[in-house]
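In what comes next, chain A is part of two complexes: it sits with chain B in the first one and with chain C in the second one.
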Partner chain A sequence: MSTIEIRDLTKNYGKTTALSNVSVTFKENCIYGLLGRNGAGKSTLLNIISGRTFADSGEVIIDGVNATGNDSALCKVHLMSEQLLYNPSLKVKDMFKTASFYYPDFDMEYAMKLCSEYELDTNRKLSKLSTGYRTIAKAVNALACGAPIVLFDEPVLGLDANHRDLFYKHVVNRYSERPATYVISTHLIEETAGIIERAVIIKKGEVLFDKDTDEIRSMGYSVSGKAADVDEFAKGKELMGGDALGGLKTLYVKGSLENADIPEGLSAEPMNLQNIFIQLTNS
Partner chain B sequence: MSANSIIANCKYQLYRLRSVPLFYLIWVIGSMLISATIRSLTEKVPFSLRETGQNGFDALIGIFIFAFMCANITDFFNTAAANGTSRTTACVSAYISSVIFSIISALEVSVIFPIMSLITGDDEMWGASLYGVNYVLYDEGWSDFAVRLRFLGIAIFSYIALCAVVILIASISYKLSNWAALIITLLLIFIPTGGIYFALGEDALASFWCSVVKLVGLADLVDPSSDAPFIGNASQGAAVFIGASLILLLISCLITRRSSVKPLAIKGS
Partner chain C sequence: MANFDGEKPIYIQMAEWIEENILTGVFPEETQIPSTTEISAMYRINPATALKGVNILVDKEIIYKKRGLGMFVCSGAEQKIRSERKQEFCDKYIKSLISEATKLGITKNEIINMIEKGCDGNEHN
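The block that comes next holds the complex of A and B.
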């Protein structure tokens, strides 16, 4: 089992509320996308789950055990964050060795294989790596650690398109070989849309919803055409938002496209995850 | 706290400190060679390692231990946090590692010191002689083995206390912002020195330090009551060192219990 239950988590930084009564469950062996705008509270949530910072109130329960200050629960979690908590003077291979002290299932052979695929020199010190390669080193460490719960906070920060693509493939391959609970916090929604099974969307410190990605995609559709026709079609329908350009208009309508009776002259298509995210989180 | 986490932390911490015993050896050899070279050049005498030994080598090692622990302790906390370990476990593990590290360091001193004396022809003058010089102890009927064991014990317990001080300072700096930690640390240093002097006067300061010296088993040093050769109370000293270190550990655990992580800066980033 490797389930995380978040119960009524609240965290304030001075007068700023980072998380407000957040309750969400990350079920075992599932790839989650943790989505939210800048400052929504994603990193704070991941840091609290992994015990790097502490909530003002609420609980993090890992496999039925309160994780706050509890090693037996925390050792099931590995967080790959933007911050580098390993000593920057360590070589990449020494970082892996260090992680292997803590995670008995650390797969050194797999880590080395990934490093060679990314062309990452394991004899280089972490402090001497570029931002992108340091991200790769941390990502490889997280994928190889063997923890049943792996949290990724902006795992592709500074990576070029090729490395980002490679990373997503490695996540999927690793997940199929060795299922675990992965939570990926990212701003690159469309890139990760293909690998995440469920999405948790956070807005201003509160969970907007937690649904399967297919279910989210079926939440709405877009209708485009002449502004007057689109407005006529939208009458009485629940809208998420819209865009207008000259005399053309696009509206994002809540509901299933299959049940929608689209008039001639208008074009309709299912919304992608990023579009739905943007419409739901626009203030 | 779990045994696996403590073992993992200790493994990493001792792994990071693994080259320090080699540093001691390089220091000894280097300092002897440099002393002999300087003397040879300045006094225009042939190069010789005679009389290039170091009195109080064990005390010097104590300073090195303090410095190396200071340099690594934040990393110990961070690495523990990076790998699913609580702050309390990190503190306790650092303490256990420092006990092991102190024992290894003191054992190395006890091997190097006699060899250094043999090469340099100098007397083996331990810092632990503060609790009684070796020839006084011999006169009192102590065997050579017992004297060495006594020195070794005093060194180990004092090193552990030093490491506990480092863990406490690190805990304060981990919990607070850098400036606040600096102010608190300076206050901790200032209060038992200048603070007492300015607030209560010179006599109070002298009385405070006399009490500390008495507490660590060196009462006769500040209050000689007879002409008998001085032998300090080493077991009382050891008990105070270990007791104080455990109290400092407890305070450190309480301070860091809910501290957020404080990553080390990366040069150039």
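The block that comes next holds the complex of A and C.
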């Protein structure tokens, strides 16, 4: 049971701003989706939370304690990073052993069980694994570590559809058995939409919003039909974007579809999480 | 297998999925239904979402919780769902049928004929 509070975090890489005054709270025992386009600052944020890199200014507070340079606070966090943070000459099972030194609640039996489900040979060296299996090894390590905060940075990179599906099942199962705070950074929004309870969307180093996924779904809807009719309907309404094809037009309108009075001849549909994400993060 | 990827909120889809299974007899009255943990693992949905879906049905007295045992279908649930669905039938199917028919220039009599034909076909089966 752990909470992460991020206050006014700013990070620059040379002249590039990776994060700009980011403040967001990850409440305990909730599965978060951290969504953003390439270069939005997702990995930087996760790296700062887990103490792998330092912010220029701002604070990361874990369970009320400033986590910067604080080992006991950082021990509550596990980061499954895109990079391999272990010595590549280690065997998979030795990576688990190493992790169990840092995470006293590491569940070795569970890790071995998952490996057999993925048909991952734990005697193989990390350097000898394919991209997909290296991801699986890191994902198993993260699921088994027992830390109250687990950050997953692109956890399904290089995984085939079957393995991705298996991973989502394991996330849900593990979370049901041993609730923890999960932050999953991913581009596969459609696939993870059912799993995440809240989404934090970042755009160009700033938090766009932090909302329940159900709430995000009701943020907008699409209206399509004859261009003139659609334009007439959209008058005075706030728009997220749109598409046109010949005389046909689709506009993405902000607001709830339930309260919208859609005129005859136009068709309206709710937007899914991915669609809303795309409209809101288009530059 | 159901797939909760529609445009409706997932907890509503899940509640509808359970109702559908009660209606078709997959979950008979006074029998136990799968736990939220089982449902969320099977369909890869957040356990909190699954719980939200279940709670809708508990509030509607479609299912009830037995402490320490799990969730069971209320007796009379099937009838309750059926009468609710009948009420929705007009909104959901008849209105959209008429709007589509109007678009295609199908007359009222033609619709009635089609429905009669469809119903007769079903009865023969």
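Everything below uses one rule, namely that the second predicted complex is superposed on the first by the 282 of 283 C-alpha atoms of A that agree within 3 Å, B and C clash if a C-alpha of one lies under 4 Å from a C-alpha of the other, contacts with A are read in each partner's own complex, and residues count from 1 in each chain.
Please note the rule applied: contacts are C-beta pairs under 8 Å (C-beta built on N, C-alpha and C of every residue); 3 or more make two chains touch, one makes a residue touch a chain.
Since the structure is predicted, the reported quantities are computational estimates derived from the model, not experimental observations.
> Applying the touch criterion given at the start, work out whether A:249 contacts chain B, chain C, both or neither, answering first, second, both or neither.
A:249: touches no partner chain.
> A:11 in the overlay: touching chain B, chain C, both, or neither? Say first, second, both or neither.
Neither partner.
> On the A-aligned overlay, A:190 touches which partner chain: chain B = first, chain C = second, or both, or neither?
The answer is second: A:190 touches chain C but not chain B.
> Using the touch criterion from the header, give the chain among chain B and chain C with more contacted residues in chain A.
B
> Just to be sure I read the superposition right, which of the two partners does A:169 touch: chain B = first, chain C = second, or both, or neither?
A:169: touches chain C, not chain B.
> Of the partners chain B and chain C, which touch A:42 in the superposed model: first, second, both, neither?
neither
> Can A:203 be said to touch chain B (first), chain C (second), both, or neither?
Neither partner.
> Where on chain A is chain C touching in the complex?
30-31, 165, 168-169, 172-173, 175-176, 190, 193-197, 214, 217-218, 269-272
> Please output the residues of chain C touching chain A within their complex, sorted ascending.
Touching chain A from chain C are residues 4-5, 7-11, 37, 40-41, 43-49.
> For the complex, give me every residue of chain B touching chain A.
1-2, 4-5, 8, 11-12, 15-16, 75, 78-79, 81-89, 257-258, 260-261, 263-269
> Name, in rising order, each residue of chain A that touches chain B in their complex.
47, 50-54, 69-72, 74-79, 83-88, 97-99, 101-104, 126-127, 131, 147
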